[in-house]
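A, B, C and D are the chain letters, set down in written order, and residue numbers restart from 1 in every chain.
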Amino acid sequence: MPAIAYQTPLRTDILRALDIPEPWSFGIADRVRFGELDALAHVNNTAYLSWLENFRINYFKDYGIADYSTRIPRIVLRQIGVDFLTEMRLGAEYVITGRTTSLRTTSFRMDYGIWSEGVLRATGWAVLVNLNDDSSKAPLPETARNSLISRDNPEVL
Amino acid sequence: MPAIAYQTPLRTDILRALDIPEPWSFGIADRVRFGELDALAHVNNTAYLSWLENFRINYFKDYGIADYSTRIPRIVLRQIGVDFLTEMRLGAEYVITGRTTSLRTTSFRMDYGIWSEGVLRATGWAVLVNLNDDSSKAPLPETARNSLISRDNPEVL
Amino acid sequence: MPAIAYQTPLRTDILRALDIPEPWSFGIADRVRFGELDALAHVNNTAYLSWLENFRINYFKDYGIADYSTRIPRIVLRQIGVDFLTEMRLGAEYVITGRTTSLRTTSFRMDYGIWSEGVLRATGWAVLVNLNDDSSKAPLPETARNSLISRDNPEVL
Amino acid sequence: MPAIAYQTPLRTDILRALDIPEPWSFGIADRVRFGELDALAHVNNTAYLSWLENFRINYFKDYGIADYSTRIPRIVLRQIGVDFLTEMRLGAEYVITGRTTSLRTTSFRMDYGIWSEGVLRATGWAVLVNLNDDSSKAPLPETARNSLISRDNPEVL
């Protein structure tokens, strides 16, 4: 496996070199920490959700959806699901891949893969909703919408 | 709302007094902690998974499935999903309810509700698998199976 | 050990019944969760800091220092120390005790004990500072100061 | 600031280029995650302890003290202290530095610095004890001892 940069957008060329197939085109790598293990010495299920959350922030920045520098956007998690396929252990290097697979006016669905040593360790999905400060639903800004459509080619619903 | 004991099995009578409807018959209460909030001052999505994990341990003990006193059982999480319905804030008292809704030889599905101030704040579900120490699937012990069937009346698949 | 309420202020009478000695006069009880264990099946060091943080919020409310209902106060942690005396395991019931032992114009020092099954499992201390919204130091309000002095008899520096 | 690799040992040359002074000679870099923030949008105090824990594992590997690949060693945290000097926010890149400053037969003391944008954000220290599987104290292996002495020049007590 090539050396990869952590917490840095990984593009198609690097993902393919890591045996991560199409259609994944955006990834973020990191390594399992001691504090993410549970008493059975496997990665605890809550850690996967932290990884996906952190992935989304990198993704939102790279796609120009939110930059988190002036304010934390109100793109909130409405649903999440994870399939745990193979246990992960301390020190394992992994890549999270994610893409937007469907898009509505105020919400969108993302799908995720968690890869380590060329093996898909978990899959996940989320529904995210854009909110106004008063928690009412807000249409996704046009620039965000265009970015998601042009880069991830989601089903537009 | 009546005063309720935290981290203690709540039965049907208390659940109904808290306006938690049938078919829920087992609950565990607690209160939102500061460390469970995120930068938007809402409960972070990972906290819900910790709550469900802690709920399962109470449930496994009460149902006689595993007691965690001599060893940590290998009933592992295979899938999880959560629908976040209403945001929760610091200090909110909540009750997690859960029940087994379907049962196979080596696995079972649980459904969950998270309630606060009489409102359903989130729903969830999980698929759990019983493993041998070598990570191969193991049939659920007969006593565990009988307990789940008699108390929760799951669909037996 | 008597049954004790979790996340509820415990006064001198209950603390003494639990063999927790003078001068401790305020405690908060809870139980070790699975998610607080590390890969050695002991409570992870970060969990103790979460417990102390949660203790402080209960203490601040009970002492009338901050109620966290309208805004999160800017009483921030400036220093913390913990001595880990005896390992703790899953399901252990524990009581955190804490008191203010010295007081300055804008800051105060608290000392803590963590007790389980009549044994002192850890001790800790913290220095807390009251800040304005612009992060400059602010004098503790007179009511907070009086409450700390009358209840905990700290050294006034 | 030069681009730096995360979760990878940083040596003297890189540390100096980052304006981290002598005597620090070993560092690990990373970036603040959303899940590490609290409701005031600052890094929560528990996150610093996770960072120090993760630092120690990298340090133990690099110094040949423990590799965590076959078993998790019983070098346990006996005491910890942190001084929080300047608040840290989302996305901040930081470097943890650490060294062993004193050494006894079965225990040693480490000191830490947490640096971001050329500013010391926090300092910390820990006392670590080597244990046998029965939790009795064990002398540090000679190779570990020699490595700590030759690389960090601690006070030998």
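Note that in this section contacts are C-beta pairs under 8 Å (C-beta built on N, C-alpha and C of every residue); 3 or more make two chains touch, one makes a residue touch a chain.
All values derive from a computational prediction rather than experimental measurement.
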* Give the chain pair, either B-C or B-D, that is connected by more C-beta contacts. => B-C
* Would you kindly say which chain has the C-alpha centre located farthest from the C-alpha centre of chain C? => A
* chain B and chain C: spacing of chain centres that average the CA atoms, whole Å -> 29
* For chain B paired with chain D, centre-to-centre distance based on mean C-alpha positions, whole Å -> 37
* **In chain D, residues with contacts to at least two other chains** => 34-35, 39, 41, 44, 46, 50, 53, 72, 90
* Asked: In their shared complex, at which residues does chain A touch chain C?
  -> 34-35, 37-39, 41, 44, 46, 90
* Asked: Which residues of chain D touch chain C in the complex?
  -> 39-40, 42, 44-46, 49-50, 53, 72, 74, 76-84, 87, 135
* Can you list the chain C residues touching chain B in their complex? -> 5-7, 30-31, 33-35, 41, 50, 53-54, 57, 68-69, 72, 90-91
